[in-house]
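Below you'll find the structures, each written out as structure tokens.
Consider the two complexes below, in which subunit A is the common component and subunit B and subunit C are the respective partners.
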Partner chain A sequence: MNFLERTLAGFLTALEQSLDAEDLARRQGLLQHVDPRIKVVGIAALVIAASTAHKLWVIAAIFAIALLLAVASRVSPFLLARRVWLPVLFFTGVIALPAPFVIPGRVVCTVPGLDWAATAQGLKSAAYLITRVESAATLSVLLVLSTPWNRLLKALRVLRVPVVVVAIVGMAYRYIFLLLDGAREMLQSRRSRLMGPLPGPDYRRMAAASVGVLMSRTLQLGGEVYSAMLARGFQGEVYMLDEFHTVASDWIVLGVFAALTAAAIYYGR
Partner chain B sequence: MVDNQNPTQAAVFDVREVTFRYREVTALESLSLTVQRGKRIALLGANGSGKSTLLRVLDGLAFPEKGSVQFCGEPLTEKCLQNPAFAYNFRRRVGLVFQNPDVQLFCPTVFDEVAFGPLQLHWPPEQIKAAVQKMLEELKITHLKDRSPHHLSTGEKKRVALASVLVVDPEVLLLDEPTAALDPRSASQMIDFLVGLRGAGNTVVTTTHDLDIVEDIADECFVFQAGKVAAQGSPAEVLTRQSLLEQTNLLHAHRHIHGTGVTHSHPHLHSHKH
Partner chain C sequence: MHIPDGYLSPSTCAALYGASAPFWYAALRRMKAALATRLVPLLAVMAALSFVIMMFNLPLPGGTTGHAVGVGIAAIMLGPWASILAVSIALAIQAVFFGDGGITTLGANCFNMAIVGSLVAFVVYRLISGRAPLTSSRRVLAAALAGYAAINASALCAAVEFGIQPIYFKDATGAPLYAPYPLSIAVPAMMIGHLTFAGLAELVLSGGVVAYFQRTNPGLLKNSAPVDMVVEEGRADPRGFQALRPLWIALALLLVLTPLGILAAGTAWGEWSARDFASQKVRVKIAEASRDAAPPDGAPQGLARLSALWTAPFPQYAPPFVRRPALGYLLSAMFGCGAILLVSLIAGSLATRARGRPYELS
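Coming up: the complex of A and B.
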């Protein structure tokens, strides 16, 4: 599989994951029952609390809350480990790795054979970075996994995201999959007519031509979609129907989120 | 008040000597036709004969290089459609269902899709919700309302696209190849629905090259060839003109293999009347 096909396969995996996410978002769980606007506000508040807390146990407590929310929302911890914890640990770990050795302080151990001294302050800094990022990422992914994408987008309006931005992102999400399918079919049809791997220059020429064709298709599709919008009365202004209904339990959940955030900010000072 | 004795006033669309080009390709050439109010019209023609282009011209999405188009006695021009009052009135009264439903389904969910038109027409939210619900029930797609269009089959997409146009109850319905790319069952359901429009009094203009459905969905046919109207008449008149249909690539030689292995072919029109 060449670079272009690998990239496309990556995108298509993302597509499959998004379909899984839609299924998860329709399950019967705690967060699935909450008004998306409440979830957006509550989870954003907890993410801010985790990012600003100066005590490690407070950040760990927020992470534990995220884990409890996941279990109550029927989101498997194994899924979170695979999609969030391990990738975040890897990427944040790379950033945090030098911290124990470059931040001065009390030496707690040395790396055998290298004489690199790890300090308590350095380890603490690395732990802060990793737990903060893990907690924030877990909460954010929970929000996405427990809310259908279209409702999540609409809920962003509670954070004053302009309606036109919400509409554009929604349409981009809708059409990216259509174009990906088109690109996949284009590559498969080409591969079905090839006798073997192409030489480098030919492959690059083919890749550039494919990008060009896809670009041209995208422009054509964009024009057609705009025509379809005009045909149904679009005159440049985007309107959206607000379908959210807040019930008493939503206000209770908001109260719990507010109390947890306040406690985290107070104890995490 | 519309005077049905006066052909100009009874005409929903009056197309006069229209020429339209896509760069060097002429899609419509000095084409003239009139669509009368309440009629069900079929535009027949092979691929590339100009049928879909004409629908775009009738829907005010493309504007001719030469000639004129009138909608209910008023000129239909780019300038007129820049007038919000005219555009509102026109879009409220005329609906176009595109051939490719993916073009038409640009909203995140089926519900949002069907609500798009009424939202643009500034209907009150409660009226929109009721109209959308009614339309989803009518087209038997209520179970799809929270689904994303990219999860739907082609037949389901076509029905959603139709619902998204019918929800505002347009007087004039323009349908571009409504049965194209549908499996036989979905095509049959679509035809049943179009046949059901007969009593509703709407003006319906349908492009198709499927001769099997013409008698069911149309009172009058225009046969297109190379951007011109090659013939006009009732379905019964047009469908019996074999040489015309062959000349316009609407009729093909149909092959039969008999038990002895002998193959022969002849022009063949599929039609099933009971």
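Coming up: the complex of A and C.
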């Protein structure tokens, strides 16, 4: 795969992931039924609990909770494995791999032939890193996969994110796909005119020109969007409809999240 | 470069959210003054653009490929403050919606890439490009080096954040709880990759985009040119104290909080004086802090010899004429900050004289 195709594949993956998330968010599952504000608070609390835990079994328990939540929310473990577990295992695993041999401590075994001594502290440290990253990443992805993006953004208001920031992030998210599509069309049309692989220097010039064109278009787009907003009566103030309504089951879920977080923090000390 | 959740301790994450907050606030204030009601749509599309730039795959000399963060080109084209906000929003979208970078580590990622990256890129670009015309090839070189310096400064920040984790955060058995490698491993491991491949990707993109705009629309390079080279009418232009007010307030707050350092128990490992080795009480503390390894009988010769070279006016952050330690901390902090500000003002004044006219951050 050459650079053009690799970049195009990256664009398509981003679009595909976003469509997957919207599809899953519409399914009937446990987390899909919960008020997004409670999901944001509950999942953020569990991520923080996973970050603070000083015991491996507590982090593993949080990972098990994330897995149960996924199954109950009809998010396939295979999808999680493909999108989260394997990439995280590969990336963090490579980083953690030397830790058993580098971190000083009690030697537990030696690699035959190489005379490399693995320490208990090093192995434990690698396990801390991998389980912590896997648990936090699974929880974060579950939040996105179980909540339509516009509702998730509005729910961020519960964390006191200013309304203007929520509006900017929401608009940015929408325009990402417009720009991604523009970039994809540019690269696709260039690829369709190629008889063979593009040499590196030519590709670098083309990539810089594509980013330049996108930048010019973006500035123009910003002006057009602003004009459109003014035409609809925009005067600089951002208002947002908070249409969330909690029901009894939401409060039960919040209670469960609070109890799990408190237990994880207590036992993870 | 995008640090996931779990690599940094919660206290490091909180500190970096805290360190980023004044910059976000200052950037938002400046952008609001400059753009008024255009702030929302322009920042939104700029953030979307930053996101898309991060997805470009670039072939690098030597047959490898790399992704640019795009912070260098964002700072050059949009100015540092707009770049801080646009890249921060792009990083937030990546973390929340695409799982690239963590939620607890978002403050750290924004600090490293959006804030340090944007400011370093802008300063390097302005220093090297100087007063060269907008279409000068010197600007291409300046942009390339600005991107290279920005990504390496960001990587260095991330490496230091990783490297301090095993010093402060270990479990009862001594196993590091977060990023496991000390500074001696984390810094070279991060910097080798960034000084070579990742830095080259940023260098190629920043230089290439500036060269493209020089050919097609040099006017767009005005944002990062010296103020007196660009005539801009009707633009709000906060200066001096007004422009940096949030940072001054943050500095004042930190000064007031310095006496909190007294609450820390024990002695800082390795920060011992020659006299400490003679005190039985301090020797016990040294042994406790060194996993019960007994300290040498007397002060090491080198330490004893060199410690007599310079006597600090405020030893232990306590000027001799002050009896209350908290007041001593506060006075020491004020003196230290005052000295740094004085040196900065003198350096700024000398630089202004050398250049003839000050530059203005856009």
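Criterion: the second predicted complex is superposed on the first by the 247 of 269 C-alpha atoms of A that agree within 3 Å, B and C clash if a C-alpha of one lies under 4 Å from a C-alpha of the other, contacts with A are read in each partner's own complex, and residues count from 1 in each chain.
What we mean here is this: a residue touches a chain if its C-beta (ideal position, glycine included) is under 8 Å from a C-beta of that chain, and two chains touch if they have at least 3 such contacts.
Keep in mind that this is a model prediction, so the values were computed, not measured.
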item: Fit or clash - subunit C, subunit B, common subunit A; value: fit
item: Cα-centre angle that subunit B and subunit C span when viewed from subunit A, reported as a multiple of 10 degrees; value: 100
item: First, second, both or neither for A:V34, with subunit B first and subunit C second; value: neither
item: Touching partner for A:L178 - first (subunit B), second (subunit C), both, neither; value: both
item: Subunit B versus subunit C as contact partner of A:L221, first or second or both or neither; value: both
item: In the superposition, subunit B vs subunit C on subunit A residues touched; value: C
item: Subunit B versus subunit C as contact partner of A:A96, first or second or both or neither; value: second
item: Which superposed partner A:N150 touches (first subunit B, second subunit C, both, neither); value: first
item: Touched partner set for A:M229, first subunit B, second subunit C, both or neither; value: both
item: Which superposed partner A:E22 touches (first subunit B, second subunit C, both, neither); value: first
item: Which of subunit B and subunit C A:R205 touches, first, second, both or neither; value: second
item: Shortest CA-CA distance between subunit B and subunit C [superposed frame, angstrom]; value: 9
item: Subunit B/subunit C common contact set on subunit A; value: 149, 170-171, 173-175, 178, 221, 225, 229-230, 234-235
item: Interface residues, subunit B side, partner subunit A - complex; value: 56, 59-61, 84, 87-88, 91-92, 95-96, 98, 100, 102-109, 111-112, 115-117, 119-122, 125, 128-129, 146, 148-151, 164-165, 168
item: In the complex, subunit A residues that touch subunit B; value: 19, 22, 148-150, 153, 170-171, 173-175, 177-178, 221, 224-225, 227-235, 239-243
item: Subunit A partner contacts - residues on subunit C that touch it in the complex; value: 4-7, 9-10, 13, 36-49, 51-53, 55-61, 65, 70, 73, 77, 89-90, 92-93, 95-99, 102-104, 166, 171-181, 185, 204-205, 207-209, 211-213, 216-217, 220
item: Footprint of subunit C on subunit A - complex, ascending; value: 3, 6-7, 10-11, 14, 17-18, 21, 44, 47-48, 50-52, 54-55, 83-84, 88, 91-92, 96, 98-99, 102-103, 105, 120-122, 124-126, 128-129, 132-133, 135-137, 140-141, 144, 149, 152, 164-165, 167-176, 178-180, 183, 200, 203-205, 207-212, 214-216, 218-219, 221-222, 225-226, 229-230, 234-236, 238
